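See the structures that follow.
Here chain A shows up in two complexes: once beside chain B, once beside chain C.
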Partner chain A sequence: MNLLQLAWKNISGNGLRSWVVALCALVVAAFALFATLLLRGAATSLELATDRLGADIVVVPEGAQTEMEGALLMGVPAQFWMPEENVKKLAAIPGVEAVSPQVYLATLVGASCCSVSQMFMIGYDPQTDFTVRPWLDKQLPGGLARGEVIGGDYISATEAGYGILVYGDLVTLKGNLEPTGTGLDQSLFFTLETAHDIAHISETQAEEPLVIPPNQVSAILVKTKPGADNEKIAVDIFRNLPGVFPIESANLFQSSRAQLTSLLNMVVIVMALIWPLAIVLIGMIYLMAANERRRELGVLRALGATRRFVAESLLTEASLLALCGASVGIFLAVLAIYLFRRLIVSSLGVPFLLPSPASLALEIGIGLLLAMLSVVLAALLPAIKISRQDPAIAMRE
Partner chain B sequence: MKAVLGVAMILFALVLAIAPAFTDCESAGKMVTTADGREISMKCHWAGAAEVAAAIPLGIAGIYALRARRKETLRFAAIVGVGASVAAIMLPTVIIGTCVNPMMVCNTLMKPIILASGILAGAASVALFFVAQDEEPAAAPVAVS
Partner chain C sequence: MITLEDVTKTYDLGKGNTVTAVRGVTLEIAAGEFAVLIGRSGSGKTTLLNLAAGLTRPTSGRVTLDGVDLWKLTDQQQSYLRNRKIGFVFQFPSLLPTLTTYENVILPTMFGANGHDSQEPERARAMLERVGLSDKLHSYPRQLSAGQQQRVVIARSLINQPQLLLADEPTSNLDERTESEIMDLFRDLHAGLGLTVVLVTHTRQLVSSGMRTIEMADGRVVSEILASADLGLEAGVTRTIP
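The block that comes next holds the complex of A and B.
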């Protein structure tokens, strides 16, 4: 009988003990992986959303910062306006390379003139745009024509011929952008011309007209010159343009970043409680098992097994249990995060993006290693202790 | 072990039968209004209702896993369990489907609950199939003189 067979016999012969040890490994691995996937997924999503925005500074009407973050991150429709003349004023500020206005709109709730309720829509200016065009260049080198739209990853056509009904106007979905895990995935993008066309048609075709106030925009995206001090430019904007608030891209989504930090702190605290507890519990179980099995292991030593073999048999048993428990835990964690990711996004208010297969494999590996390390660490002391006992004394007791 | 698997199968069957009634769009007060003003259920409601058809054989297979002793019976219960689990998974994904908007409650809550229950019930059924091998074999026929 080799080491593995002996370990397996011990596992199947001590059902309850094996279940408890495997369960500890399961909890440690599942929690560690779930928390890691969640936090990394949220952080990646935030970075991707900031990158996709492509602006160094986003200028919004004063007081609309939270609304804008909610719209971009969670897809919660928001509407706010500021004078279009701010575009020219911003372009004149030293250090600014390019500026581009956007209008933020939303479809109606439960109206037959809109295919999708409360969908966030972004209208951009194709002449000055430097944020939407770079993503479109891959799919639509010619850009979007009038009546054409491009959707986030979740957007699909609801009418015949790739159509989506927006305020009674049938627009054509020309494609989808890659997922970001944020509200941008549920948003619709079109040019300002299309936005005004929709507003015009909505006056007769929609249950409620789409109102775009004349000479007003929702936000202005600013690109600064290479090497420019973004903070100084933001301060200049704040001083020179009353009624607006500049947000540096590094400071975007502050509420979500704060939410993420508090989540991280909570995970660290829970992990700091669970991990040592699991190690202590498993250690105690193995200490009791080692005492129970003194005679059995004494016989093994009397039959010629070395101290090293006895210690290794206990550690192999612990490793096998850790591997089984951690594998199940990892499977459950991945299943939960994959299936319930949208619920997590809407409940926690943080964006989330599934990791790439390579990154997932790495995180699974770390989770397995952590669980096995915990169990082996806990079983190490009892294994050494029992391997050092004298076989004659052990068999007599 | 087979008792644990049997209880798990029964629990998953109960989740599949009951959870959709509280997690579909209709339970959240969302229905489709037709041109003549009538309100009708969305397709997620029918996918949820159809889950009962998958949950019943899964529950019965679970009861058999608890009660039966013969290897053949347990294996048959395991096969029924796998079939019911596959049906439970396919109803909201392939056969009927759910609402189009991925952020609606049927897609964020009902479908994940059904898929998780279906996958775990399937895993329990597969485990039952292998556990059945350790159970006592069918009694040999007794010769009557």
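The block that comes next holds the complex of A and C.
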């Protein structure tokens, strides 16, 4: 028999106490991991969405900021327009290196001419584009031809295995982008030429025609010169181009970021409450257990156990319970995240990206460590106290 | 084997209150001796036994085992010495309730410095056979009678082949017949294994078991009765300690 086996025997022989300690570890680990996965998943998702947009400043019609963020983050289709001439005006503003227009479209709801109901679609200009092309080039070096589209991570071909019916036009899905956890995963990307082709075909093939107002664009993406002051450029745009609103990429998704910050604060508060509470509760349980087992531990000392062995046996018990409780807690947290992520996303209004296996393993490791540390920390004082007690006194009634 | 030199033990009860359980006791237990320590409740017998085993630190005086001052050793050395040289039989139920009979018996082997000994299982079985419980290997303490539990404790105390067996009122919770059986077992172990035995009791009927009877009162050794001439003294001599 070794220390581990002795600890396990004691655990199984003290059911209620063991359950309570394991439950504390479970709650700490489950909450910590769930909150971490949620917050990190949302933060990563926001960063990826900002990166994918690839612009330093996004210019949209005034009042369309929320709609645009909703479309990019949650995949809620949005359509808004502003004059195309803004593209040239923007290009003339000092500090601007490149500009590229985009049109935002949406498929029809419940119409037989569209494979996918209410899908957000982005049309870009391949001549000026600097945001879609860089990540398209990795997968499709030649870019997208007319009638070809690329989808977000959730998009799959529904017609004949390779096509998607959009306003009665069968477009070819050439590939999928890496997941971001945002609305971009449910979006379709194509060139402005394809957008106009779809609009043209929709006049005869769709239940409702796709209307792209002439000489209008939805948004203009701006790339600034290296070292330029983006804030100053945004202010210049706001002053010089009436009817538009420039959003610096750092300020994109402000409401989601604010939501995330308040979530983080909440998590910190809850954690600040439950962590010390769990430690105190476990500490009290171990103090009671140590008192209850004084005589038993005194006997161990009489039989030749060192003070260190007595302390280690209590700490090993605590660690095993923490490991068991935390493992179940971690499993439940991961299960909850996987099963309810859509519900969480929609109820919290923040995007969410599942972590990579490596990142998940790291977070699980940290969760386990935190739970074990909590329990061991809580059991440390009672373990040291009882191990230092005179065995003869410990064995007294 | 064990020597106590002018040993006093005072317990601090807190708030300035103290109680002296053992007062200036000087005593020597020779190797191979069977000493019976008697006295009324509260006379200091158990404390004296605990002092002899190094289970409690004397307030003053010196305790040596085979010439080694127990309180000059580190905790590790002292624990090792207890583990290898001393076997304990307690008055109270001292088996670990979560362990089987066999596991309880081999428990002291966990604390040895040499790690696992391949002879342990065989020795544990032999010890249990010696105390007549070879058929209870996998029973838990709650499945054993008080007498059987005490036999397991005796088997446990012998697993590391100690030289000294300290027993603190080992039959106090047992009926007369079981008490007699346990005492026979102690006598057998003393005679058969050559163990030094120090047995604490408040039952005068058990005095005949030992070679020497040491009587305590109010923390002091008040008399010694030699039951045989083994120690070079005349049998039946009673020496009163001033």
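Quick note on the criterion: the second predicted complex is superposed on the first by the 396 of 397 C-alpha atoms of A that agree within 3 Å, B and C clash if a C-alpha of one lies under 4 Å from a C-alpha of the other, contacts with A are read in each partner's own complex, and residues count from 1 in each chain.
To be clear about the criterion, contacts are C-beta pairs under 8 Å (C-beta built on N, C-alpha and C of every residue); 3 or more make two chains touch, one makes a residue touch a chain.
The structure displayed is predicted, hence computed values, not measured ones.
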(message) Per the contact definition in the header, classify A:Arg257: touching chain B only (first), chain C only (second), both, or neither.
(response) neither
(message) Just checking: does A:Tyr154 make contact with chain B only, chain C only, both, or neither of them? Give me first, second, both or neither.
(response) first
(message) Tell me the contact category for A:Arg294 with respect to chain B and chain C: first, second, both or neither.
(response) neither
(message) For A:Leu303, using the defined touch cut-off, is the partner it touches chain B, chain C, both, or neither? Pick first, second, both or neither.
(response) second
(request) Specify the partner with more touching residues on chain A, choosing between chain B and chain C. (result) C
(request) Find the residues of chain A that appear in the contact set with chain B and again in the contact set with chain C. (result) none
(message) Taking the touch rule as given, give the residues of chain A at its contact with chain C in the complex, in rising order.
(response) 1-3, 6, 9-10, 12-14, 295-296, 298-309, 390-393, 395, 397
(request) Note which residues of chain C are touching chain A in the complex, please. (result) 11, 46-47, 50, 53, 55-57, 75-76, 79-80, 82-84, 88, 90, 92, 94, 96-99, 103, 106-108, 110-112, 156, 160
(request) Note which residues of chain A are touching chain B in the complex, please. (result) 75, 110, 112, 116-117, 154, 156, 158, 186, 335-336, 339-340, 342-343, 346
(request) Mind listing the chain B positions that touch chain A in their complex? (result) 33, 35, 100-103, 107-109, 111-112, 115-116, 119
